[in-house]
């Protein structure tokens, strides 16, 4: 497969997932970037907007219509919610693989999607077909997909953290708590007051308690793993850093698990679950993963704790929201789709300090 | 009482609680700062170490022995743990009120204290006498105290957040969760690698899961409020900001409360509990308090949520760890001790942005 | 004068200079805040937008027309450039003192103003009358003014830093260099991409080299002090902090000064120039003032250096851009206008850490 | 050359230049990391101290004596100043190439070195032999060197910025000004109070005016380029970010240059000087390079300005202090030494945001 070159298009590359995709694809040995579209910035060299790409990406933003996306092997949508559902159909019909980094194809229940995203879904039949692509759960399905719903950032960190417990059936899935903290890039590259440096720096706050759009996405994944309804309280927070998500997860052991499960049993459960996974690192017992340990890397690091030997399990899960939480996972999914080694182009070491 | 001037001494003023005490006392209308001691820095003008005090504090650090602390009306200990317990006895016997900003007199069970603080307690009999001084619980006791144990920063934010629920008996006190986030000044002004700017900036991590010293302090306060044993999982995190604590608290409604309690009932419960409190602000329903809204101010802001109308109550509680979580609360306690209006010298408006 | 209460109005209080004015006025003993206007936010409680003001400012934003500004003693314009010039005339005619925190009345040469601010000036005759109000230069004029042009943030830091050298005639005024660094709040509370946290944090850049609007304002002030034309290279930079300006100034000693001037002579020159000034602090020889030493305080701290005893003088000057660089200086000017002690309501100690 | 593997040792890898070297070498296709020494941490897995290296570097810190450094092809010293001069001799005699990232071999005048570094030099004869290795000046010499003095971070940014002007002889070299700003990692991974997060965040200050150790290093390089004495005022500042240096340089055109040189002439001068350089990027006229555009990348980006068409040239030069200012440049020098393509292992794209 090494001789193959994948022809890649990107729709809407002016946001953070866009520039991050470009950073990764510029270092990917088997990709050829064919087009990156932006109606608003058509004609501007990409490297003028993102100077880190000077000398590495020579493309200009182009008009979608004139970009030859249907000649690509794969098209990434790094667009706001609601765009991919309008444009994916045509590409799929042309035999182009579609990877949507937004939320259009993530929620299988279209009514729930429409409630949370406050718009009518333009393409429910592709929702039914699309694969929610968290490789650590379902890489076999991903391999055959035509439409990839790339998971959200919080959902990636929270699901990877909870899965071993839920799959093992050892916790009360009716009362799961996910207390999650995100860097400000998670809010996107949008001109909004509340994410200005002078507002968000040296400040910490929760937001969207009880209303955040990632709640149903996470719940859907946990239900799938549990095989029954789950109760999830999800509280996201904004923390004054650029990149990174730290999810602190709380679950209570079932009565039967309480009798048998120990801290070392929990540790073994996690190590076994992720033994073959290149991008999930179960840290030694007693660890506290730091977000900077995955900065710029396609990696999730997890530690599991049982404070005071009690019945509450605490899981700490960190990712870079723009990499394993977005663009890196999208490239990982592309590698799976095209039969490449899963870590092709994804071997960057995290930047620390 | 307005004509009275309180003679104040500070032991160990080279840390962050020390400089913060100086900032507040320099603006207090009824205090006269008589001495600030530091063996290591004796002779150095305080304003040379802390240039924000130039023109406002003319004192030099002095040798403890030569500082006439026994001539003061009140002495604050802004020292590491283990100092006040050595020196308080003499001052108390000389009729000097003692306010300890460290942990020496906070835990009534000396064995627990010795286990968590890893030293032998030098003065258990003053522990028995000392008042754990969270004014919103026990200002009557504070008024009569000779030794004040000023609460810790996390314990202040967490207790003020949980108290209304626990006092009302409407939650399962056997399974309380406090997910708390602190700015880096909470670690003190110590030359340690992990709190360097290049380590702690743009990074987020949990620490001390299951082992933090504030766990027993918080638990003690919650037990007192509940009148029975409590189960508390406390997970502290380090967040890249200078000041501020954000506590996100989770409690499950009891079966009986579940039937009757609504979001507006919770809101009313909190508003009523803190109706007369100058320094606790219950925000409108649906709010998300920000740490910067209390930066530099002696204030706790609280919001209460019931996500999806479920049985888990989420409380958000913010303070400035150096003010309501340390020096400001110490001044508040001094005001109570000396019969001043509780907000004397504590009317600074938070610095935003 | 203590019994007098000044009736205050604010036009346009939704930006950072607005909230900072409110913070200071809420602590001012002789002010009564009568109205704060915002067309866009009319009806919203001020404390809802700025939660640090909860419990301290009970006013709502109001429609300008219905706000009774002409009944005030003084009206502050905390508006974008181009507003005060439209509305000041009416107020002045009604006997109301006007203090403009924007740039409308700062540049005496209207043609230069129009070139840099890219609009036609609506009220040139008030420009002629207005007083450029840097109290350390011209408090006598300020006392009698009807229209106050409150200086810009960079111009305050740079002028206070250069003045002693220029007034003493000891440097080559044809080749002055001001390398200035500002926190991000200096760009205002505007929804613009480049000042997002994820763009401006952990980043440093120059901007507006050769084109910044504060260049002519600074030059005008230096010309006035020098009594002859000056050459000024002004390079502003954006530094990842919320508040603070640090100006690093370079000037070359004239040949005659070179022969006589020493480092201690420079130190004496600065100390003498600012001997009576409450808000300018000349630090000891060899000092490096930090922006945090003035965070939240109406203070300028200055140090003067002569590296390697050479002919280049280096001056370091720091202010909080929102206080001595904007709202604090505006209150200082109000105090002068109304015959109050100049530091009334301006005795806050800087917040450190 | 692709079949060759370079055997690499690192002395003292517990600081920031150490972990950065490891990050780069872990991604270098022709290196085999043989040993990394630390007396203090011997036995600890490197990835335990630096969790970003988990799964990528399996080595443990080892005792220097038992590390077989003399069997390596090249040994990097990522040590404090004063170590390499003690240990380089033996390695050089064993035929091992030495690359010192500290300052031991940078200053050819040993007396000056001893004055600034406050210690006696242990190995003056290697100073005479060592090559000060800024590849953009002297890669031919580097190729033949046995001892490489890897330039300092400020000196790299400042020299690359000034060189075209000085080599062209168009500025007054008697009066050069370098106003430089560094992220906090430049101070190293040392437990010192002034670089704590709570001290250095949200703060800006100059330091070491007139006394910084990089002054003579920079001056030495500029003298070499000018062929005559130079006058340099160097003012370093600490800016609240982790990585990055921004040097703002000021030079006055000579009278003859003033007559002929224009902004576009300056632009052409820079573009020509660095035309063949992979790691120096001359940005388009009017640009303002940002430090984040080189974060994690071995790159220097430069822009040149002539404000108001006057006689002062302003050059803006940015690097990542840990990459082009330290570890990246060291790897670049290693590549030159061993005949590899100069960008081998150095093609990382900067992390933005």
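Should a chain be cited, it is by its letter among A, B, C and D, assigned in written order, with residues numbered from 1 in that chain.
Here is the rule we go by: contacts are C-beta pairs under 8 Å (C-beta built on N, C-alpha and C of every residue); 3 or more make two chains touch, one makes a residue touch a chain.
Everything numeric here is computed off the predicted structure, so don't read it as measured data.
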Labels of chains that are neighbours to chain A and to chain C: B, D
Chain at maximum distance from chain A, centres defined as averaged CA atoms: C
Chain C and chain D, separation of their C-alpha mean positions in angstrom: 39
Centre-to-centre distance between chain D and chain A (centres being mean Cα positions), rounded to whole Å: 36
Contacts with two or more other chains, residues of chain B listed in rising order: 16, 183, 185, 189, 198-199, 201-202, 240-243, 289-290, 292, 295, 353
Chain C residues touching chain D - in the complex, by the definition given at the top: 175, 177, 179, 181, 183, 198-199, 201-207, 209-210, 231, 233-235, 237, 239-244, 246, 248, 250, 252, 288-292, 295, 305-308, 310, 312, 314, 316, 318, 353
Chain C partner contacts - residues on chain B that touch it in the complex: 16, 19, 23, 26-27, 50-56, 185, 189, 201-202, 242-243, 281, 283, 289-290, 292-297, 301, 322, 347-353
Touching residues on chain C, where the partner in the complex is chain A: 16, 183-185, 187, 189-193, 195-202, 240-242
